[in-house]
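Naming follows writing order (A, B and C), and every chain is counted from residue 1.
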């Protein structure tokens, strides 16, 4: 028996899209920054996401630290691992050719996959196991943790927006993104900024991993699909345009929820198996119709 | 005393010799024109002087100090300012941000001496008559306005030696005059300018000396008038004269 | 340079691991997931096999020859299992194989084993397709065709007339779904969706599920990560209808990560107390050596039994593949899991099902279920 969709169902879809979109935006935002500034593809991104999540799980569930120190520890270890990634697998190569790190970070992603299996074992892990307490807003069911995650993501993005658009440091970052050599010739030390930006992307990725570990669960083979979705968002958003990428991350996540969740024309549902193809179709669609992306800027054309 | 001197600079990429044996020196306060056909190595020379390319052999001295191995950012700190052929401005940033970021990139001590950086940035825009556009994106400016912005920004960030790469390319005649005035103003303030240009009357009107380059070599140096009448220049631009 | 050194030392380690062993031994192969989401099955079955081999070798081996295990990682995928099978038959020339574990592994390795006339016994694969996999392919875990019949019987007893199922898109889970549909009838499936492997976000499906009227929800995953996320989001969406799952849910880890979300969920599987029969049982030996099983003691027990059965047969008829096949087909074996034999298709006879339930975060066994 099917009945017509209720307004509450659309609210639920919106809530679902916000949850999935917040996660995607965290990961894609950092990636877009790295691509915009360094012109480098970091294929080990998904593994760095998992590493941040697993570190938090380990601190909270094995060492039994309280949740907040565990989260901070997870972010810190994500940052350290990203720094290491930069120094060993990106920094020595990207000046020669910006596609070299594509190869080195794929190799690194495979090593990290193996390392995480050894360190954290193959079974799924959850930072906060069990059932979360849910409540209803406008007919949409959502848990306290999810509300906090959505809000924290927003706060993180707003804080980043402030730094990026209103501070001296942010102006230097944008200068490096938009015209690397002009920035250099003004005396802006872009090598240091590159490193900082890469590490910031790792902190955002780690935050995404913690998000997954709290809201769902972590498993070691989860990394590659995460990387692919983040790339879909930055390609669709206009390569190097960080706000375009963040917008598209929310958009793709929203589309995934709507595609499968809506009773189309009151007649049929799209099978759930097609949900994950949305991101890939998005890439193909944009490459065909608008290779420069939804919000392309002239600052970097790949 | 000479502010900049190069000795026996050369650059090879693979088997191609891009620059060979370039030696010259520039006195403080001079305006030097760098001319020559396309592909003669003028922009490459600028890239070597500002540190984006490392020379294969030879040295560069700034105020007597060897800067051959310094990074572009370090050379900027020592007073070399570059204005790019393809516009070195940040298009997605506002005009005032474009100037502000240059001021904020100065070494700490120097920044302190400048007082209120925002006020100074606005004064810079006033100097070139762009204060009305202070909060619009730089990408919306015309080519000439972009040049003015870039030169003014370089000036206000306290650079001593200016490398201007085709400052009149894509600039309207009216603004070309304004660019020329701005360069002469640099000279008045005691700055040194190297300018790459195809516009020979422009070069003639502002330069103290002219260096002519061809296939990566310096073929002639002299005062604008002498160079203009030289046989070498005519041959370069119009081919060999069959009557001589 | 640093990186080069690090990489080459890794490579050296891998090479050393490959070339260990040799000499005059009887080689038994193992194919199972040693890495990836399903690696816990691989760990338990390899441990069970190892215990059997250690015991046999300590008692003098088979006719004086020691048994050597060559373990290959099938990664729960057909492609990797086929590569592993090629290597075991062509390079190592094993006498017989314990494996694969995932049904996808067994189905991909089966044609290669058939060609080489090498007996394979799987202690875990339950896909109905394995029944037809070939003359050299046996299993001592019962087929899902039987499991879903047992599930259908339980559903009828509990008046679960309308079923909502979300399946993970893998050989195992979709085959189980299909045979469940065959057992309960298409009309009983009021909600039937398949998600890509590794999915963790089921919220849009849960929103849709609100439109369906159902008596029981079946999270049909290939890994406990899938089932945990599905059950958490099912309960968080406010559903109160009971949940019922299959052997993948028979995982202690599921109770740890999903907690209250799986409380009260029932499932059908072979007993996890197979081999846990007393103070000197296999279970005691297993725990002494490897602690608690990562996934399920029964997997280890069935792997232990399959290895002992092979050793017994090889001791009687030698190492010829066809002779081993004929002897395995005829044997009635009294193992740690109970007394069992194989039917004409190589499917096990004598290992039954148990109805289990999550109570207080633990899995308890309620009663045995014999499919009609």
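Definition applied: a residue touches a chain if its C-beta (ideal position, glycine included) is under 8 Å from a C-beta of that chain, and two chains touch if they have at least 3 such contacts.
The shown structure was predicted, so the numbers you read here are calculated from the model rather than taken from an experiment.
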item	value
Pairwise touch network: line, ring, star, complete, or other	line
Pair of chains with maximal C-beta contact number	A-C
Distance-to-centre winner among chains (Cα means, whole assembly as reference)	A
Chain centre separation in whole Å, for chain C relative to chain A (CA means)	35
Inter-chain centre distance, chain A versus chain B - centres from mean C-alpha coordinates, in Å	42
Centroid distance [mean C-alpha coordinates] between chain C and chain B, Å	73
For chain B, residues contacting two or more additional chains	none
Chain B to chain A touching residues, read off their complex	50-52, 71-73, 76-77, 80-82, 84, 88-93, 97, 100-102, 104-107, 139, 153, 157
Touching residues (chain side chain A, partner chain B) in the complex	168, 171-172, 174-175, 178-179, 181-191, 297-299
Residue ranges of chain A in contact with chain C within the complex	1-3, 5, 9, 12-13, 16, 19-20, 88-89, 111, 114, 117, 121-126, 129-132, 134, 141, 143, 212, 216-217, 219-222, 225, 256-261, 263, 269, 271-273, 275-276
Residue numbers on chain C that touch chain A, as the complex places them	2-3, 10, 35-40, 43, 166, 169, 193-196, 198-201, 203-205, 207-208, 210-213, 223-225, 228-229, 232, 235-238, 253, 256-261, 294
